[in-house]
Amino acid sequence: MNRINETFINKKNILSIYFTAGFPKLQDTMSIIKELDKSGVDMIEIGLPFSDPLADGPTIQESSTIALSNGMNTNILFDQIKDLRSITELPVIIMGYLNPMIQFGIEEFCLKCKECQIDGLIIPDLPVDIYHDQYQSIFKKYNLHNMFLITPQTSEERIRFIDEVSEAFIYMVSSFSTTGAQKIFGDETINYFKRINKMNLKAPLLVGFGISNQETCRVASDNSDGVIIGSAYINCLKSSGIKATKKFIEGLR
Amino acid sequence: MNRINETFINKKNILSIYFTAGFPKLQDTMSIIKELDKSGVDMIEIGLPFSDPLADGPTIQESSTIALSNGMNTNILFDQIKDLRSITELPVIIMGYLNPMIQFGIEEFCLKCKECQIDGLIIPDLPVDIYHDQYQSIFKKYNLHNMFLITPQTSEERIRFIDEVSEAFIYMVSSFSTTGAQKIFGDETINYFKRINKMNLKAPLLVGFGISNQETCRVASDNSDGVIIGSAYINCLKSSGIKATKKFIEGLR
Amino acid sequence: MKTHNVDSKGFYGEFGGAFIPEMLYPNVEELRNNYLKISSSKSFKNEFNKLLKDYVGRPTPLYFAKRLSEKYNTKIYLKREDLCHTGAHKINNTIGQILLAKKLGKKRIIAETGAGQHGVATATVCALMGIKCIIYMGEVDIKRQAPNVARMKMLGAEVRPATSGSKTLKDATNEAIRDWINNPVNTHYIIGSVVGPHPYPDMVARFQSVIGEETINQLQEIENKSKPDYVIACVGGGSNAAGLFYPFLDNFDVKIICVEAAGKGIDTGESAATSILGKTGIIHGSKTLLMQSNDGQITEPYSISAGLDYPGIGPMHANLFKSKRGEFISITDIDAMKWGLILSQTEGIIPAIETSHAFAVLDKKKFKPNDIIVFNCSGRGDKDLDTYIEYFKL
Amino acid sequence: MKTHNVDSKGFYGEFGGAFIPEMLYPNVEELRNNYLKISSSKSFKNEFNKLLKDYVGRPTPLYFAKRLSEKYNTKIYLKREDLCHTGAHKINNTIGQILLAKKLGKKRIIAETGAGQHGVATATVCALMGIKCIIYMGEVDIKRQAPNVARMKMLGAEVRPATSGSKTLKDATNEAIRDWINNPVNTHYIIGSVVGPHPYPDMVARFQSVIGEETINQLQEIENKSKPDYVIACVGGGSNAAGLFYPFLDNFDVKIICVEAAGKGIDTGESAATSILGKTGIIHGSKTLLMQSNDGQITEPYSISAGLDYPGIGPMHANLFKSKRGEFISITDIDAMKWGLILSQTEGIIPAIETSHAFAVLDKKKFKPNDIIVFNCSGRGDKDLDTYIEYFKL
């Protein structure tokens, strides 16, 4: 049990916000976390930028490119967030691609997460099978939960397997798509939400990819335990800066 | 027997001059003939310009292109020289390629030559064999002599055949080359002249291609019955005009 | 039965022969005396066939164009000369001639080129044999066909601009002939089509006849028939057509279609449809049909395709036209370009613009569902990309 | 004996696998479940082999390079993939994958391309089958490789610029993967080399293995031996190499040489010699050697040849390197360009610059007079003419 699990026990309609570390400025990480905490979000995802973020859409990709050219890297991120818990008690997740973690050393990476009191990881290019076979025991050792994605195309059998391996929540990808803001959800998406809900999975579900406004937030929350917002927040940071966070979050509720 | 044969009987060291009809100006034909006659040449070759004179070097080729763009054609030429015999009693030869003659009609062409009192033809792309089989009888009817070329590569057997078919003279090409002015003859050329002379052909020999000055004229004449000059005279016309003819001819003797 | 092949004097009916200046006589005579003897010798054949197989990539496929056949409700085959090394049929001939030149002890090769395909094919075989190579090319064509000029230079050939006349193929040919006149002993002139004095038309046709011979074998294998109903090819000088038609010349069951370039249209003055616009005359040593003024001056033809704008056609083709053995169809720039795109998008084959002309016949003529039609896919379109790009604004 | 082929989990030793986002799982799983079943079916094999023969022009010759062999006093053979339709080995794979896509009922094809060869090969087979085709290509490469862009457009493909990152091959691949994520049901992604998640490396290697299989038959016929002493190929992603090596992977009598692009030199920071400069990591769904920062960011490689500047190599090759089964040699721009000219002028074959790298090994390594060396002549140089022209000031 860690902060993520507790959040799902204690709260409803969870709002989890993603941002890319090092964007817009290299040193913005802690300020953004503080703002998010103040604005009443339920969970925070820190994106560790990667040169080739192939599961991400143009917005997050661009923020990653800028973050990297700002000089962000794994060491710097861990250094920035070493006092994380002095500013927030929200569950904090690192979202990143596998290669930078491998280069850092998986065990080393987990150790650092633990030191910074990170609660979990989302690694889009680490398939559940490989996680299960090679990584789970290491992650456990450092009390890190790993979250998996499911999509409208994921088979029932596989969803059950993911549910079994999941220790915190399942990331329900809203549509066939890379990350990126959408305005509304179509019938197909809503049917998919309903189909998954009927499966009565043990892990809670957060809907991500394409949440951008009150409307998509509401529909997603009605059909799950909450939402994850990424691109829309990055767009907000880009156009209005960190100070606009509170207003952005309020606009979603 | 026509003017050409008579010339070889009566004269030595024959000097035959070629010019392209229609060059430098369309109407220059008769003036040039008059000048040549006055300057003491022994024989005149009128070039009927052709678009693709592949046996000729750059000088004659260029003069042909200019003549054509001046508007020269077969009809005009015959029209220009219809009173040829009012200005010269020298033997006059038309040199031209086969295609324009075919288009004019070979018989028609010969008839026109006869009307203008032309004495002979040089048609570089009419091989002796085809002449012998198809054209000789027509040419004879109009008392036109046809001249053939030999080169350092022509076999003895073929030279003998050409000699047999020839009614006036043989055009001895000085070297492996298209027309064009040379400064001196090498040993190889001189040996070739000697070799041909030793064959004791019945037809007289004129050396052509590459004769440009007193020196080449002298060497050629020493080894034959005379010379044909083309490119060098075209160059003279080009640089100094018709009036320079006399001086040019004197410079060769 | 009258043959449509060459006779013993080098004529196809009234066309052909060797109308050459005496300066060329020894060279041409040497060839005439030797070409059949050498090319029919076992050692030559072995070497020729081996190079065609291992170097050129023969046999080229006879490809059944399924989608095109469905669209036109007939059976369309493509003889894939576009897959030959260097990208066109031209190399079949240059391989043959370079071997001949070697047997004749020649140390220097010259050639003319228009579009550059023949120049590249010649430069290629010269590099292969380590023989010095000089290519004459019209100054205008050098500018128009930059990639092929670069290829020739990469291959070590010297490209000499022809600056006379209209500065295109005809003038390059004149320059090559002049070079040969000036270098009669050590030099062989590789003519690139079934044109020029005898024995060139016959010699080139024989070297290209492998196209037709393979077609027979391949049809036998695929269709269990040894002859098609139609053979269709574009005609510039006529070598790819001659190669495909060769074994069928006197087989009247096989209909022959020659496709000429109409350029901007037969009546526009910008055309290369020699059979319609030409008259009998002499060009480059051969008696044949050629485009000329009333006066007998050779006129400059026009086609969007540099390989088809030769003012004459080979004497074999002149005779096919005169005797009506072949049907002659002329295709405008517009239709040819359209067919370049159609073939690209229907079969995934970007043809040379020359080749595109042949396919346009499909819109001009109705074929029966069971007709077997063999098109000579004479070359690939890479050399023409600039023209396609500009034309279609790609 | 340990095999150098793929294992049942999609790994070559420690390399390979499918490190893909869940969004791609169904697509990749569908392929993994079907590729062997479909591609080993009789009907697939018939269709595949027929197209390779009649459309691609296979078998490609195994050409004995006489003059080169004499110069280097050894026996040099060229496997002539440059004679394939579209000009490189790439089409062997696209033919296989388009047939697979058809059997899987896909209606839309996507692909990435760097130099454009794979894009052209993909656009070609899509035109052949009448299937919609979208090619992702870095914005920078679109400018560098204009002729291939034009070819793709002629063939009816849509070329979409990748504007992210360094705007080259790696980014085009990212974009293609994103497209696939967004269109998982109706779309097949034709990857162009032995890279990407399992089963791609194995699937592509199998489709390319015809290169090696033909080599065996041809050597048998020519040399009366079924195996060469050396097989040598350039490695970008590694597909042409994989195709040639395939039947010899576990036959240790046959020495394997992989040639990488050193660019301006290994130590200059402008290089693509992955085996030397790379470390194990994950790129495009595969665990393999790749060039990256200490931090694990994938770095942009450099080579004068657009087809070799991929920051990774296929997992098969990573394993060949790790196990020392293959010898890895890296060749600079300068040496590769030099060899482009040497091959052109010694054998009349203008190679792709990728291919030129392989031949440069002749200056790096001594071979014995009786060694039989097979070079994969992976592609022709037409696409590289601009680079050659500029480099040599032709």
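Assorted remarks:
Each chain gets a letter, A, B, C and D, in the order it is written, and its residues are counted from 1.
Assume a residue touches a chain if its C-beta (ideal position, glycine included) is under 8 Å from a C-beta of that chain, and two chains touch if they have at least 3 such contacts.
Given the structure is predicted, the values throughout are model-derived calculations rather than measurements.
Steps from subunit A to subunit C, minimised over paths through touching chains, total 2.
Think of each touching pair as a link: the shortest run of links from subunit A to subunit D has 1 of them. The chain with its Cα centroid farthest from the Cα centroid of subunit D is B. Each chain gets one centre point, the mean of its Cα atoms, and the points for subunit B and subunit C are 37 Å apart. Chain geometry summary: the mean Cα position of subunit B and that of subunit D are 66 Å apart.
If you average the CA atoms of subunit A and of subunit B, the two centres end up 96 Å from each other. Residue positions of subunit B touching 2 or more other chains: there are none. In subunit C, no residue touches two or more other chains.
Viewed as a network of touching protein chains, the structure reduces to a simple linear path.
Of all possible chain pairs, those that touch are A-D, B-C, C-D. Across the interface of their complex, subunit D is touched by residues 53-55, 57, 60-64, 67, 80, 82-85, 87, 123-128, 130, 147, 150-151, 153-156, 340-341, 344-350, 381-382, 385, 388-389, 392, 394 of subunit C. Across the interface of their complex, subunit B is touched by residues 17-23, 25-26, 164-165, 170-171, 174, 177-178, 181-185, 279-285, 290, 292, 294-299 of subunit C. Those residues of subunit A that touch subunit D in the complex are listed here as 50-55, 57-58, 61-62, 65, 68, 73-75, 97-104, 124-128, 130, 148-151, 153-155, 158, 173, 176-178.
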